[in-house]
Amino acid sequence: MPFIPHTDQEVREMLEAIGVDGIEDLFEEIPADLRCVELKSIPPAMSELEASQLMAGRARQDGQPACFLGGGAYDHHIPAAVWQITTRGEFYSAYTPYQAEASQGTLQLLYEFQSMMTALMGMDVSNASLYDGASALAEALLMAVRANRKSKSRRILVPRSLHPSYRKVAGNILKNQGIELVELPFDPEGGHTDIGALEPYDGEDIAALVIPQPNYFGVLEDVDALTGWGRRNKAMTVAVVNPLAMSILSPPGEWGGEGVDICCGEGQPLGAPLSSGGPYFGFLCCRQGIVRQMPGRIIGRTLDQDGNRGFTLTLQAREQHIRRSKATSNICTNQGLMVTAATIHMALLGAEGLERTAAACHANTSDLVARLSSLTGVSPRFSRPVFHERLMSLPVAADDVLRALAAHNILGGLDISGDYPELGRAILICATEKRTVGEIESFVEKLARVIELQGGVPCQLQPKES
Amino acid sequence: MPFIPHTDQEVREMLEAIGVDGIEDLFEEIPADLRCVELKSIPPAMSELEASQLMAGRARQDGQPACFLGGGAYDHHIPAAVWQITTRGEFYSAYTPYQAEASQGTLQLLYEFQSMMTALMGMDVSNASLYDGASALAEALLMAVRANRKSKSRRILVPRSLHPSYRKVAGNILKNQGIELVELPFDPEGGHTDIGALEPYDGEDIAALVIPQPNYFGVLEDVDALTGWGRRNKAMTVAVVNPLAMSILSPPGEWGGEGVDICCGEGQPLGAPLSSGGPYFGFLCCRQGIVRQMPGRIIGRTLDQDGNRGFTLTLQAREQHIRRSKATSNICTNQGLMVTAATIHMALLGAEGLERTAAACHANTSDLVARLSSLTGVSPRFSRPVFHERLMSLPVAADDVLRALAAHNILGGLDISGDYPELGRAILICATEKRTVGEIESFVEKLARVIELQGGVPCQLQPKES
Amino acid sequence: MMLLIQEQSKQGRRAVAQAPLQKAEITDIPEQFRRRRSANLPEVSEMQVVRHYTRLSQRNFSIDTQFYPLGSCTMKYNPRGANEMAMLAGFLARHPEAPESHSQGFMACLHDLQEMLKELTGMQAVSLSPAAGAQGEFAGVAMIRAYHDERGDTGRNEILVPDAAHGTNPASAVMCGYKTREIPTGADGDVDVEALKAVVGPQTAGIMLTNPSTLGVFDRGILEIARLVHDAGGLLYYDGANLNAILGKVRPGDMGFDVIHMNLHKTFSTPHGGGGPGSGPVGVSERLVPYLPVPMVTRDGDEYHWLTETECPRSIGRLSAFAGNAGVLLRAYAYARMLGREGMSRVAEYSTLNANYMFKMLQEAGFEAAFPERRATHEFIITLRKQAKERGVNTMDFAKRLLDYGFHAPTTYFPLLVPECLLIEPTETEDKGTLDAFIQAMRTIQDEVNTDGELVKGAPHTLPVKRLDDVRAARELDLAWNVSAED
Amino acid sequence: MMLLIQEQSKQGRRAVAQAPLQKAEITDIPEQFRRRRSANLPEVSEMQVVRHYTRLSQRNFSIDTQFYPLGSCTMKYNPRGANEMAMLAGFLARHPEAPESHSQGFMACLHDLQEMLKELTGMQAVSLSPAAGAQGEFAGVAMIRAYHDERGDTGRNEILVPDAAHGTNPASAVMCGYKTREIPTGADGDVDVEALKAVVGPQTAGIMLTNPSTLGVFDRGILEIARLVHDAGGLLYYDGANLNAILGKVRPGDMGFDVIHMNLHKTFSTPHGGGGPGSGPVGVSERLVPYLPVPMVTRDGDEYHWLTETECPRSIGRLSAFAGNAGVLLRAYAYARMLGREGMSRVAEYSTLNANYMFKMLQEAGFEAAFPERRATHEFIITLRKQAKERGVNTMDFAKRLLDYGFHAPTTYFPLLVPECLLIEPTETEDKGTLDAFIQAMRTIQDEVNTDGELVKGAPHTLPVKRLDDVRAARELDLAWNVSAED
């Protein structure tokens, strides 16, 4: 019996001790007519060897194309040490650290994580993770509504430049609580949320304002101005940031001088493999003053009976297992292991390593953008500076182009036409530090051919001018 | 500086404490004219990312062909747990357990390993590993010569059916000590060492007799008869066995009734990946009476000051670090980590798991042999029973066939003509438990085509008769 | 005491190999957007990091090192093979937005898993996307709400929740805009059906139930409960946290449930990771199929396709940016394939056998069962109220003392309705020897309580820290390391 | 005490998923060849195995958990990246007899590594095949012998070995059929050149030397030694165990050595694995090139080919069945690429800096240096003979007490010529903070020796076992667990 250690002898002894004839007797309280019939469609057991052959075949089947996709998940180098340590049994197979004395490993690590996140974000406190960036935003907004004592409205301003899935997820999670998400348009030239877009709401009762940095198009927002607007209008400011970008960009805790109230985002760039979208982790930081409104686990430092330092789950009275229907959130299991990886990842890279990685991504994407822009009909869609993603306009339909590139084992970007029909034929591209010159050249070359084939435009590998 | 933690500040402090101006001063005792010039041909440093991209490319380059090669290294399933635990830092990055109290993990594991090997081999004692199977044989023979007080000769009988590389390695290592290896011919029909081949040596002074099981051709030797001959002739009997095979075959400790004196072999089938031939490990077991002649580390059980059980290196007086020029061997570093893997591997499989694996290999190879034998001109070269390898005669040259199969990503066996020109056109094949029916079918089909193309024999997929 | 990684930092130190060796200059991002001062992250060497976290890890109890009979949490062996398979390079490298052409292998796994979970739960369709049990609960209740709303049945504003329910149940209901109403438990451990009758009505949107409940008993009145709620127009939500107890034995769909979440990190043995990630797929009966969260995978001949908002316009939508905790799903899938058809019901059988054996042996050792007349399911409850009252040694003291004996403590003080309780779940992957050793430790502590209560109240004595001061932690909040706060 | 895995066995238990689920019947192997009774291996579950070995591992000191200043052993950080790269599926799956068509990637790594090692050592050619340092020594001496033999110079039957040499040196010489003659060390730590002069002669096949020697000093007379031995017709063997001290600073080839082995598991940071595997490539000067052990890799244009007995008929042949410890070579190669040209000499510089810093600080703390006038290399020796004589606390007591403070002990009682010695090698990967903590522990123990000698003599006090009885281990041999021996 796979994973079951019982010998016949032991089973006999145990049944005898219980005083029943067979294991079936232990299920006697279940109404007989409810008992299962055979599970016909479940295949018979496989050995580990058979299962790994099956899985290896499937993993191989999907190839390992050159990936120029971003859009909220980024292909970064993860130091080998990260997962070799993270998958150590003591981290991998422990539960949530309810028994603090038997969980100092996880607890100290989480405290270190909280310390790193607050340092990176310039905020006062951090929780120990939420599911992912999108659901973290939803939780952040619920938190903002709770925390904003000055606001009676349940209206939240959300830039259209924010990741479309984040907007959907926030909407899906908030809609049953009567919270209204109001969309702010983006500047059609710059790709950012112009402060002018907020004018209509000047002086209105707004519970919260969302500020992405960078936004979905990779474009940098005027975070200082937006934060200032929020403060002036007594709206809670909620930043949604890429944590890697924060190593080189002004952190939310400093925006507009005094910083935002809450910041959240997707932790994936900090040590989580792409892995089809998960497990990743959402992070959430805030000002000290509103920590009791924060959802999720929080670790605190304390002393033991001998006066020695130790760590423990704290502020549990906010949580569902204590406060039940009045909890700050329903979250229980979070993304602990991903946070373990992120902590080790950040420790290994340090600020300098994150900065170098961020700079390399920026440089690679800039290089790619420059080369692509040499192709006829291909150009950056927005004028404002970006972090490591850019929307590129194409002379032909994006989906055809991407399909053709995929046939060459290049994932050439995201077709955003579904979410932004107003932006026409365009792809969102990203070249992280892992993309090599060879891959970038090959992308440009293949794209040139694809455009030629699809659009009849002659192949143009030379710069357009000069 | 990769892997060097020093900050400038610390370096300054340390230099000051030492009382020198710079690090260079620390090398002042080295004659100036010896100091290095620049290392021109060493390439500049790579980041871990760059190095892994280089290495991943090279690993990919070699493909993952379907492997029907054996010949001393076998493609077995290794439970995922084995290497996930073996590469834990505490095993991976420890030294030889010189400080026993700080090395009880490794020491207890090695004691468990010794216990498993003696159980599997039916022998009294085991050491904690040698480099590989071939060098273990050389050490076993040196040991036999030392231990055989009754023999004055330095002659050892070695069957030609023994792995050719083992014969070479033993020869290379023993030749400077004036030991003579005398070759015993194999039976041209059976592929085994007929007891008659020993007749010429009846009553002679022979220091040792080597007995492989199975032999290089996969064929089972008459181990009882050979062992009996050795005992009657006062030759030390030295078994060379495949440890996996021992799960289903009579173990050396029982051969000829009382068993052999020494047994050794290649531990690779017990949890070591193929990995281009290493690291593997050699194992060595013997009768209790000659343990003091044994080379290599040995772990013993003992008590600590409180009377509690503990484990420690023992019989170190045999070893080079104590006995120096009079040691039983020069070996120091052995293959500890591979033994760690093997111990976990054996614990996971148990006797029943090893038996099932062995039986599956035997069945797969039998299946392959049967199917191949349906091709015109292809037939087993030897008549006697085998474990999981067989020499197959071909109607065309072996090297051409293998090259053609390799082009189809099938490694179809070993060409043995270099080592055994007398055996004509033949390949040594092996299908472990990992080879799937699909792979076996594909092998047979491709071989049929290759033979047809090379030899003009019509493609024959039907059974020859019936 | 172990230093924090931050306390090991020295200015200028780095794990050099882990970042680009050259620092690219950034010329086209204006100053105003740039960070002025580097983040105060630790500056440590690669070896310091490896050594620090390796040593930290040793300060944890875990399944790989200890018996961990945490009730309701199903701490069973997490197969190392499943980890290896989910971490295959091809799976790790797949971008969530990779086109279907480059995703068929991955999607096949998801589709197979959906199908298996359907069969195991007796539901009509399954969506894998919820990231954990609580998000599954949210999805489930949101579907219930979508169902009533679409029918214009908008007066239903209440979700019924038994008092034994996990805290996530009421919290999830509230997040979907419902009020909750608690249903008491009868003396026999089953839901008090009379009490239920009294409150079920036209305002009832549904009921959230675990069965077996967190009291370690199978609710024998389940069919009547289902009838009552359905008759009132409400739907039944099944909290699948305890599915391990009945896998392959009885199916929530057959009990009458309309929606269920599963905790793959419990029943399907994916690791808990010190607090996640989990995975909480939801299954639904016919009438809720249109509302399932996206994305899901569908098969068309030999090809797999994504179902998203476009194909499922009535869906409650997506709850995370991508497809949920894919890596967890792959582990669960690998585990399910290794269990196979025969293995499913064995999970229920042997976890139940282990629980009933311990239940019996502990009672014989003098421990008081919360529901002595009942069979245990895969877990059971003992109450230490006598010890607390007579000796002043409470459940938490008992729990801490167990740590000294090398066992993780069972769940303490949950469910809330049983005073001074321990909820004990051994799981099927533990052997009799371990159970016996645990029982012996309980006996020993019991003796200690009688002879040297202070010893127990001062526990733990053998761990890296002594009993921690939780009150201080909450009162003098210290949630992040701060240079200036140190000496 | 932890049970043995054998003691956890129960008849009929198995880790079922780890073997074929069906048992194939064997019909064509006659009874006489078959095993009659299954081997008495442990019968345990998968989880028991994982738990047992995970917990066992925690009972080890290791580089990943402790400072491990074991002199002559170069216990430095083993990059996790090198492990990952060597364990890439493609590398692990390659059969040693795979054809060159399917081996070019692997062979390229080997070839690159050969070239780098050539440059670093200043030798003409390198063979990677020896499995560890001692096998490298064997190969080296065997080449020396082959060289003399081929020239008909067969009267040379002696290898000279300084008294500070590692035990493998004389043992290897003997395995090659030589007698050894010991050369004493001068008071300054260098080889006593006068003594050498007295014994070098026509019977001298060669000399085996480490430089820096195991005394932690660089032998300043090396050029004269080389001249003396060469003039007498002997060859010079370089034991590369201490290469870490001079990497990129001075090359054995330039010192006049004819043959060298390297311990990649030291200088190139491959893991020691609790006792191996290692790797001991050999490099040679021009005249020994024909004798290098096979196989080696050669490049022809863009293609790599194997060199075996056929291409190298004068080779001393192969010393293991295949190409040596390939997986170790891959790790060393990955490490070398990450160090790069600039990184090589830094290894020597910072390991030397660390050693000299400790050397100075320990002397200041009152410890007696074996060679106080000399610079330390990457390691150095202190002697505790005063403490032993005056307080009866010997080096081993000191070593054991260090374990209590969380440090692995330095090498004790080696080299043999320095009484009560500790050979201390911090390596370049340790930071000043760790060195200072170690120095502090040494001071503390020093104080303990003076105030409470019994405390030190009774050490260790904090490890899983107390001081072990080695005498008993050797006298009452118990080398394997035996059912019947247990009760």
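Going by the order they are written in, the chains are A, B, C and D; count residues from 1 in each one.
Everything below uses one rule, namely that a contact is a pair of C-beta atoms (placed from the backbone, for glycine too) under 8 Å apart; a residue touches a chain by one contact, two chains touch by 3 or more.
Bear in mind that the values here come from a model prediction, so they are computed numbers and not experimental data.
Listed by label, the chains that touch chain B and also chain D are A, C. Judged by contacting C-beta pairs, the busier of the interfaces A-D and A-C is A-C. Averaging Cα coordinates per chain places chain B and chain C 46 Å apart. Annotation: 48 Å between the Cα-based centres of chain A and chain B. Annotation: 21 Å between the Cα-based centres of chain A and chain C. Those residues of chain C in touch with two or more other chains are numbered 10, 13, 15, 17-20, 44-48, 50, 54, 58, 63-66, 77, 79-81, 83-85, 89, 338, 429-431.
For chain B, residues touching at least two other chains, in rising order: 1-6, 10, 45-49, 51-52, 77, 79-81, 84-85, 87-90, 433.
Taken together, the chain C residues at the contact with chain D in this complex read 8, 10, 13, 17, 45-48, 50-51, 54-55, 58, 63-66, 77, 79-81, 89, 338, 429-431, 433.
Against chain A, the residues of chain B that register as touching in their complex are 47-49, 52-53, 77, 79-80, 84, 87-89, 433-434, 436. The touching residues of chain C, counted against chain B in their complex, run 10-13, 15-21, 44-48, 50, 54, 79-81, 83-85.
Interface residues of chain B facing chain C in the complex, by the touch rule stated above, are 1-10, 45-51, 79-81, 84-85, 89-90.
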